[in-house]
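Report on the structure given below.
Here the chain labels run A, B, C and D in written order, and each chain numbers its own residues starting at 1.
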Amino acid sequence: MDAILAQLLNGLDKGGAYALIALGLTLVFGTLGVVNFAHGALFMLGAFCAVTFRQLITLETVTVDPTQLSAWGAPLEIRTPLAQTWFGDFGAVLVEYSVPFSILFAIPVMLVIGIAMERGIIKHFYKRPHAEQILVTFGLAIVLQEIVKAVFGPNPISQPMPTALRGAADIGVWIGLAPGAVSYPLWRLVYFLFSAGIIAAVFAFLRFTTFGMVVRAGMADRETVGLLGINIGRRFTIMFGLAAVVAGLAGVMYTPLVPPNYHMGMDFLVLSFVVVVVGGMGSLPGAVAAGFLLGILQSFASMNEIKQLIPGIDQIIIYLTAVVILLVRPRGLLGRRGMMES
Amino acid sequence: MDLFNLPRRDWITFGLFALVVVTMPIWLTPLGASYPGLLQKFAIFAIFAIGFNILFGLTGYLSFGHAAFLGVGSYTAVWSFKLLTMDALPAIMFAVIVSGLFALVIGYLSLRRTGIYFSILTLAFAQMCYNLAYSVLTPITNGETSLQLTLQDPRVIDSALAARPEGLPSASIFGHVFDGFEGFYFCAALLLIAFFIALKIFSSPFGMMLRAIKSNQTRMNYTGFDTKPYALTAFVISGMYAGLAGALLAVTDPLAGAERMQWTASGEVVLMTILGGVGTLIGPVIGAWLIKYFENIFSAFNEQVLTRFFSFLPPEITEPVVTISSKFVGEGWHLTLGLIFVLVVVFLPGGIMEGVRRIGALFRRTTPPSAPAARPAAPTIQPAE
Amino acid sequence: MLNVIIGRLAPSRGAVVFDGKVLTGKKPHQINQMGVVRVFQTPEIFPELSVLQNVMAPAFAKRDGAFRINIWRSLESERGIEEEANHILQDVGLYERRSHHAGALSRGDKRRMELAMCLIQHPRLLLLDEPTAGMSRHDTNTTIELLKKIKARGMTKVIIEHDMHVVFSLADKISVLAGGRIIAEGLPRRVRRSEKVQEAYLGGAHRLEEATH
Amino acid sequence: MTLITKGLSRRSVIKTGLAGIIATGVAPTIFTRGAYAQEFCNAPTGDTVTIGFNMPLTGAYADEGADEDRAYQLAVEHLNGGGDGGMIPTFSSKTLKGNGILGKKVVGVTGDDQTKADAARDSARRMIERDGAVMITGGSSSSVAIAVQGLCQEKGIIFMAALTHSNDTTGKDKRRYGFRHFFNAYQSGIALGPVLGEAYGKDRVAYHLTADYTWGWTQEESIKNATEALGWKTLAPVRTPVGAGDFSQYLTPVLNSGADVLILNHYGFDMVNSLTQAVQFGMRDKQANGKNFEIVVPLVSDLMAKGAGSAMQGIYGTSNWDWQLTDEASKAFTKSFGAKFGQPPSQAAHTSYVQTLLYADACERAGTFYPPEVIKALEGYEFDGLGNGPTLYRAEDHQCFKDVLVVQGKEKPANPFDLLQTVATASRESVTYDPAIFGGELGPDTAVAC
């Protein structure tokens, strides 16, 4: 029982990441009709926003002290972080909480990147076949990840999480189980809550703002909205920017869990497409539901009891689900009838 | 003779192609690419790309999981080496058959969907193959460690015919062991056969049907064709080409690793085909050669080479130029590849072949005749039924 | 109604019977192989093939059936089929443009090419959905002549058409449908006199259907 | 293009020829050298000799690869007489004079093995066929080492393996042309067992998370055997893919499994990720079976300790070498490396450097690059002065035998590089084992033309 609860938590937390990435992907597909293979790269760029931010606030001045020697006998370098010299205590807090603070940095950066991508390339592919959209965005993804590799190097760069959130929470105690029965890392709980918050915010935005209503109408029927004389083009640009921000934020908050490297986007890309397909192409609730569902399935499939029953299931569960869904119910769990269905 | 019945134009194409392939060790020498390992790769990946193009170029079905068949071919060939004999022919035969069977099953299921759903189905199947090869199927694939020959392998046919040689044997054909360029010529011979079959398919009624499927699947149905078996046949043929390529990888170097099946490897063959020109005969081959050439030669460029290259510039400019350009070669050659690829998709959807055609048209100052067989058509996805 | 016959839509009740065989539930390609061929209202062609190839493809379906792997023959060695296609292209007046890209043809030419694609199969029943819609008067007349010629060869056709000129120059038997019901049926002369038809047709809301023998 | 086929043993022909000459008493050694010159792959002809450095510049072990790269740069510099000579002066064999190898200047070519067997073999082949490398060294994964070793055997090129810890490299997959200076998982087990027994007691339940390939498998087996000999119980091991990134779904089941020790058979970034994530799961603060829950990382390096940061504190593991060793050789190497790169060398750098020197020395002692002679010079070679004290290159399996260090993550590092402390040293005698237990055959040392 405790084990199942722990695994469920793990599934929710994995699912949070999947859902967030799939959400952005579906926004782009639903509104713009573009199959964006560069979406994983946006996730990766978000993570590197956190890296950049931390590198900026931890810039150091280096002075060499020839009187002291390092362990292998070279003159000792003394490093002083600039943020602390400038901002004092606030600088220290900034460094300590660099990951949450990077969110503020990532939002404008990702918005600009997203808009630039849409205006620069994606815009010209609205009317071209899906295969060409896949190809151009795939190429774009390669370019983006290679740029990051050229700037930051091929190795992962770890982002420490705030000390206060480093440990595990004894969740079992909260719900009346024995101490230590179910404990789960605090940051992963934060990640889950964060993704839930972002998802809620996106849904609220689409439901309660005029902008959102037009977008939803656009998702339902592009041509009609175009006829109404609403400048749908500009709104779609903003939509792409929004999707980039959602993907980027998912990346920022993910960095303390797994140190980001240049190809993390590609690792998530295949997964996120599977999530979108399982949820139903163009269905936002579907993407979210499928994200959590697949996270939980993957987590349960990793349980030793299940693996003894079906060896290797943990490795293929996600793809297997996708194959079954595509063959049995091609429009996905919550997809509309006729949405690229065949 | 129906078998060798080809229009004269195609015979010329084939003759020129054969000439180019056979003389590769000569004309690639000044380009620094004339060594067996790379030449074999040129031949092998050209086969892979030609096969992929039979599916994607003709029928328009974009498979994102073709590397799975390459991997299956490699594993089968290595097992044939381990269990039966070091002779290359049975290994190739088994590899083509087994990968064909894999393609039949995966194709049968995947072809029930079209468009992006088809792409994702093939991707999912290939990733399943990869992950299984990596984990549970370790007894068959040796997982991450990769399947290799060992001294303890039974090799029943070989040991029945002759005494066990000292050390690890190499792949051979009728007892003759490949050495250096011979390995390349063996691959080149198979490339020519593969190219010839592709030529036949392109100029046959069957090839026209495949192109018609890409053009308008609904019309195909109302014209009295059953499109599914056509698409499936194309899928299987293309899977068998991939299997052949995989087998040749194992023949030239008897080792099979799971990463051959990863989706990035599938993505590579897509890149090759698009870069060269989808739906053309020669395009995918050129794409394969370019990418493999860059991967091997371009990636070896470093700052010293660049400094020498830009030495004609004034010294104060040389350094920034070298620093910037070094990001695009060596380890960063993927960046160049990605940029070229994006530019091709945006401006030249027909790939390099379309570029060649446009330049040709510019010289002739006439519009090129619209012979559809030679026309690289933009890749389209199937209309939903 | 044509969609029901060729198997694109399923009938809500009843069945389609042709030549003693039930067509309902059959796949489109099976229905075609039984000799029921259709021309669409918006041209359904293979835009990426040449005009000649567009016309040759259906001939292969007629000769080789729904599926055949024939890689060992080359397209150019299929002289018989090519000649027949050329012949039919001459009939529809597209012979000069046979090596053009079908996608580049004008709409009227596409429709005539589609007609050629159907004719080469020598169908036992030809279904035409407004074969002259969007054509100029001149093109319409050419098409009528063409259809008359085919009629002389003795092929059953079902034509859906609004244009009375076309209908009355071709039809042997006319059925007038309004709101899904047959409101008049019979020889052209009688249908022309029917008040219901005139009312319905002048209202412009309904379609005329005719059959010729 | 050469028409010599591999099947034909050229060497036997030469042997017969030489036997005649020796019999007549006119066999000057200089002639033997000349005679070998054309009979093997990539015989150096000009005034340079090319060595192929094949290491992971991308992938899960890229950090180690970058350090290997530095070590190779340093080794080439020292062999060609540059810098302070590093360990050349301390090396017991005094054949290296800083004039290259056999008077030929050493040139290095590098390749990225991507931590993948397939890519590594491809890259090695490129260096052999295109660049004319006479020796290949590097690798940072045992699957890479085994794959490249197999290729080198086929091509008749000597492979000096750097980082590879699997028992199979010099066990069931050993090759005549492959040599390993690094220790192996079996030796780790022997060294680590007693320390774990003393620290954590005899009554423990261990849970293994294992990288799913040859190294992980053999290390899991070796540690399992060593700890079960103490009286520990072992739960069913869980295999994880290399480069998994997020290990949370494998870590969650550990908490409720009844285990009180987690053994991480991971290396490189995998180990950094799994260890830090395990600590995030609260495993170091946890109680199980009435005891403190413990984590063990059987193979650990400075680079990984750096990556894992505070998570590493107090954790036991084994190392091949540590820069804080106090012998003259280690100090000289650390000084020379630190001066050039601004950081101390890792065990990966050390073993790479040593392997390059050992090959150069073997060529000098053999008086030729002819691989069968170089192999003979290395087999059964006893040396000192390259760190780790007296060392033997055992002839039966090409495994080095030397002291093995048991290390622990430091609680209070004095500087950013002071991360591991040596808590015990297992003597060379104690980690020596019978080569027969792992089986395998070395194969022939026949030279191959290419």
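In this text, a residue touches a chain if its C-beta (ideal position, glycine included) is under 8 Å from a C-beta of that chain, and two chains touch if they have at least 3 such contacts.
All values reported here derive from a predicted model rather than from experimental measurement.
Enquirer: Common contacts of chain A and chain B?
Expert: Chains touching both chain A and chain B: D.
Enquirer: From the C-alpha centre of chain B to that of chain C, how far is it in Å?
Expert: Whole-Å distance between the two chain centres: 43.
Enquirer: Just how far, in Å, is the C-alpha centre of chain D from the one of chain B?
Expert: 36
Enquirer: Centroid from C-alpha atoms only, then distance chain C to chain D, rounded to Å. What do you get?
Expert: 76
Enquirer: If you look at chain D, which of its residues touch at least two other chains?
Expert: In chain D, residues 57, 241 touch at least two other chains, as defined above.
Enquirer: Can you list the residues of chain B that touch 2 or more other chains?
Expert: 131, 134-135, 331
Enquirer: What are all the chain pairs that meet the touch criterion?
Expert: Taking the chains two at a time, the touching pairs are A-B, A-D, B-C, B-D.
Enquirer: Could you pull out which chain B residues touch chain D in their complex?
Expert: Touching chain D: residues 25, 32, 35-38, 131, 134-135, 138, 143-146, 148-151, 165-168, 170, 176-177, 179-181, 253, 255-257, 259-260, 296, 331 of chain B.
Enquirer: So in the complex, the part of chain A that touches chain D is made up of which residues?
Expert: Interface residues on the chain A side: 2-3, 6-7, 9-10, 13-14, 70-74, 154-156, 158, 160, 166-168, 170, 180-188, 257-259, 264, 267, 298-299, 302-304, 308, 314-315.
Enquirer: For a test of understanding, state which residues of chain C touch chain B in their complex under the given definition.
Expert: Against chain B, chain C makes touches at 6, 27-29, 32-33, 37-38, 40, 44-50, 53, 56-58, 60-62, 64, 66-78, 99-101, 104, 117, 121.
Enquirer: Which residues of chain D touch chain A in their complex?
Expert: Residues 57-58, 62-63, 66, 236, 238, 241, 245-246, 248-250, 252-253, 255-257, 269, 272-273, 276-277, 279-282, 285-287, 307, 309, 323-324, 334-335, 337-339, 342, 344, 414-415, 417-418.
Enquirer: List the residues on chain A that touch chain B in their complex, please.
Expert: Those residues of chain A that touch chain B are 35, 121, 124, 128-132, 134-136, 138-143, 146-147, 149-150, 154, 266, 270, 273-274, 277, 281, 311-312, 315-316, 319-320, 322-323, 326-327, 330, 338, 340-342.
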